[in-house]
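Presented sequentially are two complexes of subunit A, the first with subunit B as partner and the second with subunit C.
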Partner chain A sequence: MNGESRRIIAGPFNRVEGDLEIRLDIDGGKVTRAEANSPLFRGFERILEGKDPRDAMTIVPRICGICSVSQSVAVARTLAAASGVRPPPNGELAQAVIHAAENIADHLTHFHVFFMADFARPVYEGRIWHEAAVRHFKAERGEAVKAAIQARAELLHIMGLLAGKWPHTLSVQPGGTTRAPDARDRIRLLAIVRRFRQWLEQNLFGDSLDNVAALGSLGDLDVWHRAGDAGFLRLFLTIADDLGLAEMGKGPPRFMSFGAYPRDGAHLLAPGIVEEGRRRPLDTAAITEDLSHSWMLGDTAHPSRGLTVPDEEMAAGYSWCKAPRLSGQTMEVGALARLVVEGRPLAPALLMGGRGNVRARVVARLVEIAISTLALEEWIRAMVPGEPFITPFELPDTVEAEGLTEAARGSLGHWLRIEKGRIASYQIIAPTTWNFSPRDQSGQPGPVEEALMGAPVLPGETTPVSVQHVVRSFDPCMVCTVH
Partner chain B sequence: MTRRKTTLLWLQSAGCGGCTMSMMCAEAPGLFDTFNNFGIDLLWHPTLSEASADEVTGLLADIVEGRRSLDILCFEGSVVRGPNGSGRYHMLAGTGRPMLDWVRLLASRARHTVAIGTCAAYGGITSAGSNPADACGLQYDGDLEGGALGASFRSNAGLPVINVAGCPTHPGWVLETLMMLAEDGLGPADLDRFGRPRFFADHLVHHGCSRNEFYEFKASAEQLSELGCMMEHLGCLGTQAHADCNTRPWNGSGSCTSGGYPCINCTAPEFEEPGRSFTETPKFGGVPIGLPTDMPKAWFIALASLSKAATPNRLRVNARADRIVQPPAVKDTTRR
Partner chain C sequence: MQPTETFYDVMRRQGITRRSFLKFCSLTATALGLGPAFTSTIANAMETKPRTPVLWLHGLECTCCSESFIRSAHPLVKDVVLSMISLDYDDTLMAAAGHQAEAALEDTIERYKGQYILAVEGNPPLNEDGMFCIVGGKPFVDQLRHAAKHAKAIISWGSCASHGCVQAARPNPTRATPVHQVITDKPIIKVPGCPPIAEVMTGVITYMLTFDRIPELDRTGRPKMFYSQRIHDKCYRRPHFDAGQFVESFDDEGARRGYCLYKVGCKGPTTYNACSTVRWNEGTSFPIQAGHGCIGCSEDGFWDKGSWYARLQDIHQFGIEANADKIGGTVAAGVGGAVALHAAVSALKRAQVKNGNGAGGHGVAKDKESV
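So, the complex of A and B:
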């Protein structure tokens, strides 16, 4: 039974954002080949053609309801680059606060609602941690699920104060933000962040954010894990040890970040590349999108020259997703990549043979929650009510521009060409386009396809639980992937 | 007394998932307590449920073949008909079948069909521009009746598709609709002419707008972030948009207009194609095009010019600032 050779088409693959289908070849109790299919095409890049470039501020965030602000930030950076405007210091701070609030909320949703629910499945009955997993993380009913959704809703009160609403705000603009908080708003923002911090420390970490952010090595993490049993991070570490999640879902040994939260010309988390443990600067000129296994027509091209022409016959290929590559190579992006590129000491230690894995991705996301919640408080304190939050901007009639940012799930880039005052081309590469890309012309699988190789399959499993852990460890956002 | 459970199936197609993300911001009570307290049995939701893949396709087959009853079908995102009417721009994962087919099958089984968000209701942002995926709503294609289910569609409860429009929807609009369906039901008279529940669609975004005093005196903002009324220059459609955004807060205390940017009338069919930039008011001979709802044009122009002449300096100054520069005068109570 266990040695059988079979093919599974797994879908609808849920607790990811959007629809996903994974095709698996299984042999000898292991996945031998995986294909990730992004089954939805909407065509945002084509929708934008011919429009007033300012309208991208309204249309593009609506690509995604979970990374909406990240899309807004990327449009704002693109139009800022096109116009030459720079936000005033308050504007940079308010953009960072709005953006980090979304990214933190997304990480929180991923861990509590999307990812942990699989450990409450009956397949794990009898494991020492299973009862705790059911109590806290059973889908729809777990105590931690409910508590985290409430904590998220209260954290997003930041949006009510600074961004009007979430998702889909117009407050994030090329020159800053549209709502200038007064002293009352600023103190209320601090109240929201401190309350949220308290929730994290009591529930997710069972320790102070400073201590979590300071974890520097696997040894540190191990000592911290054994020092108590408070906090869901410790529960996850127990599960990860028991199931060997550090050995599961190994991606490519290459990581990329476009840099998160710029302020005064520096980033909280720096841009760059780490390849086989070696660091080098980011060069976006080396990015191409390969269409050989996509239902898309056209040649491999840099996104500034890229096209989006769907193959209506769906003749060759297996996904609407294009295959972005940097110098012809796949890149893993996301919170883990950001911390690896930034050189936070814990992140490289979490890699196995230089590769990301299920444990590393999840721990990195939670550590990033700690780091960015600490930064939220610092940014809010640095705001100066009474000083400007926005600078007006003018767009030239003809220009090309690039806008880069880091969404919760990784590197997000926009490439715009304006001709005669109208959008002539708008190309977008989203984080999950990188992580869930199909194969390219050299046959190189995308990161999740590579990570699924060797995933163990239990006898009789129709949607192997290990596959679910690996896929969800990337926190895919399928609506962004194809857009 | 144990009430009969109300079964709910939620599907997502050509949208952004933002209406679900917004719904998860429900507070006091939160999302799951709301479902629980109103006997709503969530059969499956792509974001929230444990079941994946074959566990889900089995459920869908059970509903289609009548082995399980379905009270409410919620559908989020537009329906894509492309390429060439095949619906293959969204084949529901694991089924090899277009979502276009699935929604028709499931809507014929459900007691009620609810469109969640403007995409599902009318096509929305996915149908903007050249509409490359040939997206439409469940029962509308823009402001024309039709769409994926057709103009004559009536649910098993005898209603057209209930259009909880909005981009995104407010968590209250969605959950109050579901609570009403579970508790008392909704009738044709509870929906407006575009199928929107009247409890939120009978209001205008203008109602309760924090910029009302600026509107009264036509003291206008000229740049985003300024405090003045955004109707004259910045494209604000709050006086025409059917929703209660300024009488029930978003994310604790917010709304678009309080966030410093204009209302884009996102609960309306074809809001995605305003025929101008979203943040600019078109003018004819210097006079803004577009009147507040139910306002006779001649009176509006007369009142606007009168109130513009009467604008207090405080409003004139504050309208062009991003914060209160001149506070309201404090009445001197020592002099009577």
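So, the complex of A and C:
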């Protein structure tokens, strides 16, 4: 119907964290090629060189004001690996609580503030759900948006109690946390979580967290969806069915997780890889960063040997972002990947032909909110006031270390080399670096670039709404991507 | 001439009731330390003055300032302030996208020449002609210069805009540069902190919008109402400092008892901010209360002053506080002497504030550099 061939630049994207531009080639009303560009570079890895390794705990989290605790946790893990220290059980619990609170807050913001607003656009006027979308999710004005920001602020009182301040928390240390909550604090923490849980059950799910976490198959989800109309998850499922969001934004059939919330040597959500439906253990030695399409100089290398030298000519390439690969392959990371790797029954069922899609990513995020809010209660109950929350640590003069964790948006890894007591090299691969990577030397597009292929574009659209849905379904954090 | 709306009109249009409006005015008066009598002054100002548009730009940054801001303590204050701001332009929060958003920016600049406040989060990197931070295909520094040209005043949100922050740490790979070094012909209000406290941000912007003037600033350009006291001055652990009781390691008995964190690197004695009074996350806590020293994030150059875990030594830039380290040492030796010394220092400090008389001009600023 519309055979025009054109090239547009979608962006700057607002309602994403940081700056993002996507160049789209459009032919026959569809996207035929997409190039994701992160136009912001600060050079954190260069700044860290020569500094006291402990100072990474203050500098690195300032890469990002949204997932700053995830960065803190990754630094703490890296320094813990370098020194050989292990947090006491209380320390692991407190770290998990602080970290999960931030991840849950991020998911909540993504859904209410960043993602759903696009369904309130005039282009969808007349759809049966449009009125509800406008009332609840219109940018800035929606009732649900305001309520979610408030619920989130109250959830983050946890940060006040355990971490002193957020964003840019300081209490997360290699050996645990500097704040040792007493019995009274523990009761306050539980009260915060219970209140938040109630808010979730009334507003987001219209059902108990246990029921949402127990959804096991597409059949279950369908029955649950039709059982009522309470909760914004149901509104989203209605929209997803109507717009075919399960067929939109298909990424690579490969998922990776570094494992979330370790406790006693096990994770709440396990590390691993799922490729074409098959599970494999994670081998971080197979990670490389390819610079062929980045404005960066150097060869493809494992992050422990990687360099960050910006190409001042900006000659070859189209992004400041490097292209991380596992055994040469792109990997999708995020809440969906975590649940797929963990083998939670609903997540694999949401994939289409083994691939992530807009519906799967959004539903996985909400299911993960339910799972981790339940875990929050359990962890707080397991804390033993009076027992230590931190173990002191000493760093060797020369050492190499790796620190892995899962941020809200996916796998986050830090690679550190200390020489003569100073940082000789510090390389960071953030979740959105994986998801929004540019092409590599074999021409393989990054996950979002792949997911945008075939996205429908209406005649005359300059910021195609389908592109917005696909891009936002990954919840990009561009300030982490290039640092 | 277009009809000019007042703030009150805008609020009513957004569904805020008269009752909530008056509550907002009284909260604002309290937050700014003005006393209840000012409620009617604020209400009158907001009912009669045309609203001041705000443009909120993001440069090289991490968005932590916005994140802090939207978590402000009182939902009403936040709603009102947000609704004032989002009317115009903000990358992160606004509804419009892409070129539509760029058009909204142009439109506001054109329509309100010389009347709008420009709020800047982050800073421009100047290396490579500014290409390390590109907005809409152009370097951010161009957007900043363009938007600043017709601004009435500029608010530098956070330490990036005010001072440079960690992205400007040695070797400052992108030459991240604070706003006042690029824009030199406009009044600039610095609201440093990484991020600044939400209530401080709303307090400053509400003051400017309500009274249509710049709050009283200190010699470095920070609003005195929030930055005139050191963390140390109002720290709840201060009695332990005075008594010579210190945490030596994060896992020791002193840490469990909540002793002073000075010896594990706390920068509270040299940091001017409101953390120990206003506190964080809706007043629940602040870093020292969570057992970690202050890193001094609202002070210029906090990123390049040596380790955050090393005890304060040789504080050059604040004259009188050069004694802080000596005090710590003396304290360890004898409690009585330390208290006396501390009292003497506090008296000196008071005298200095009186003589300096606050927002001094360049003379004082030069003083700071030459020490």
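Convention: the second predicted complex is superposed on the first by the 482 of 483 C-alpha atoms of A that agree within 3 Å, B and C clash if a C-alpha of one lies under 4 Å from a C-alpha of the other, contacts with A are read in each partner's own complex, and residues count from 1 in each chain.
We adopt the following convention: a residue touches a chain if its C-beta (ideal position, glycine included) is under 8 Å from a C-beta of that chain, and two chains touch if they have at least 3 such contacts.
This is a predicted model, so every value here is computed, not measured.
Asker: Should the superposition on subunit A be reported as showing a clash between subunit B and subunit C, or a fit?
Answerer: Superposition result for subunit B and subunit C: clash.
Asker: Given the touch rule stated above, what does A:Ser372 touch, subunit B (first), subunit C (second), both, or neither?
Answerer: In the superposed model, A:Ser372 contacts neither subunit B nor subunit C.
Asker: Just subunit B (first), just subunit C (second), both, or neither: which does A:Ser437 touch?
Answerer: After superposition on chain A, A:Ser437 lies in contact with neither partner.
Asker: Quick check for you: in the superposed arrangement, does A:Leu20 touch first (subunit B), second (subunit C), both or neither?
Answerer: In the superposed model, A:Leu20 contacts subunit B only, not subunit C.
Asker: Looking at A:Ala180, would you say it contacts subunit B, subunit C, both, or neither? Reply first, second, both or neither.
Answerer: So A:Ala180 meets both subunit B and subunit C here.
Asker: Does subunit B (first) or subunit C (second) touch A:Gln468, or do both, or does neither?
Answerer: both
Asker: Going by the contact rule set out at the top, does A:Gly43 touch subunit B (first), subunit C (second), both, or neither?
Answerer: The answer is both, since A:Gly43 touches subunit B and subunit C.
Asker: Have a look at where A:Glu312 lands relative to subunit B and subunit C in the superposition and call it first, second, both or neither.
Answerer: Both: A:Glu312 reaches subunit B and subunit C.
Asker: Should A:Asp55 be classified as contacting the first partner (subunit B), the second (subunit C), both, or neither?
Answerer: both
Asker: Share the list of subunit A residues that count as touching for subunit B in one structure and for subunit C in the other.
Answerer: Overlap of subunit B and subunit C footprints on subunit A: residues 9-15, 17-19, 21, 39-43, 46-47, 50, 52, 54-55, 57-59, 62-66, 68, 113, 117, 138-141, 146, 149-150, 152-154, 156-157, 159-171, 173, 177-180, 310, 312, 314, 320, 388, 390, 392, 462-463, 468, 479.
Asker: Subunit C touches which residues of subunit A in the complex?
Answerer: Subunit A reaches subunit C through residues 9-15, 17-19, 21, 39-44, 46-47, 50, 52, 54-55, 57-59, 62-66, 68, 113, 117, 138-141, 146, 149-150, 152-154, 156-157, 159-171, 173, 175, 177-180, 310, 312, 314, 320, 388, 390-392, 462-463, 468, 479.
Asker: Which residues of subunit A touch subunit B in their complex?
Answerer: For this pair, the touching residues of subunit A are 9-15, 17-21, 37, 39-43, 46-52, 54-55, 57-59, 62-66, 68, 109, 113-114, 117-118, 120-121, 138-141, 145-146, 149-150, 152-154, 156-171, 173, 176-180, 182, 310, 312, 314, 320, 385-386, 388-390, 392, 462-463, 468, 479.
Asker: Which bits of subunit C are touching subunit A when the two form their complex?
Answerer: 14, 58, 60-68, 70-71, 75, 78-79, 82-83, 86, 90-102, 125, 128, 131-137, 165-167, 169-174, 176, 194-195, 249-251, 255-256, 275, 279-293, 295, 297, 303, 306-309
Asker: Could you list, by residue number, the parts of subunit B that touch subunit A in their complex?
Answerer: 12-22, 24-27, 30-33, 35, 42, 44, 46-57, 80, 82-84, 88-96, 125-126, 128-133, 135, 167-168, 223-225, 249-262, 264, 272, 277-280, 322-324
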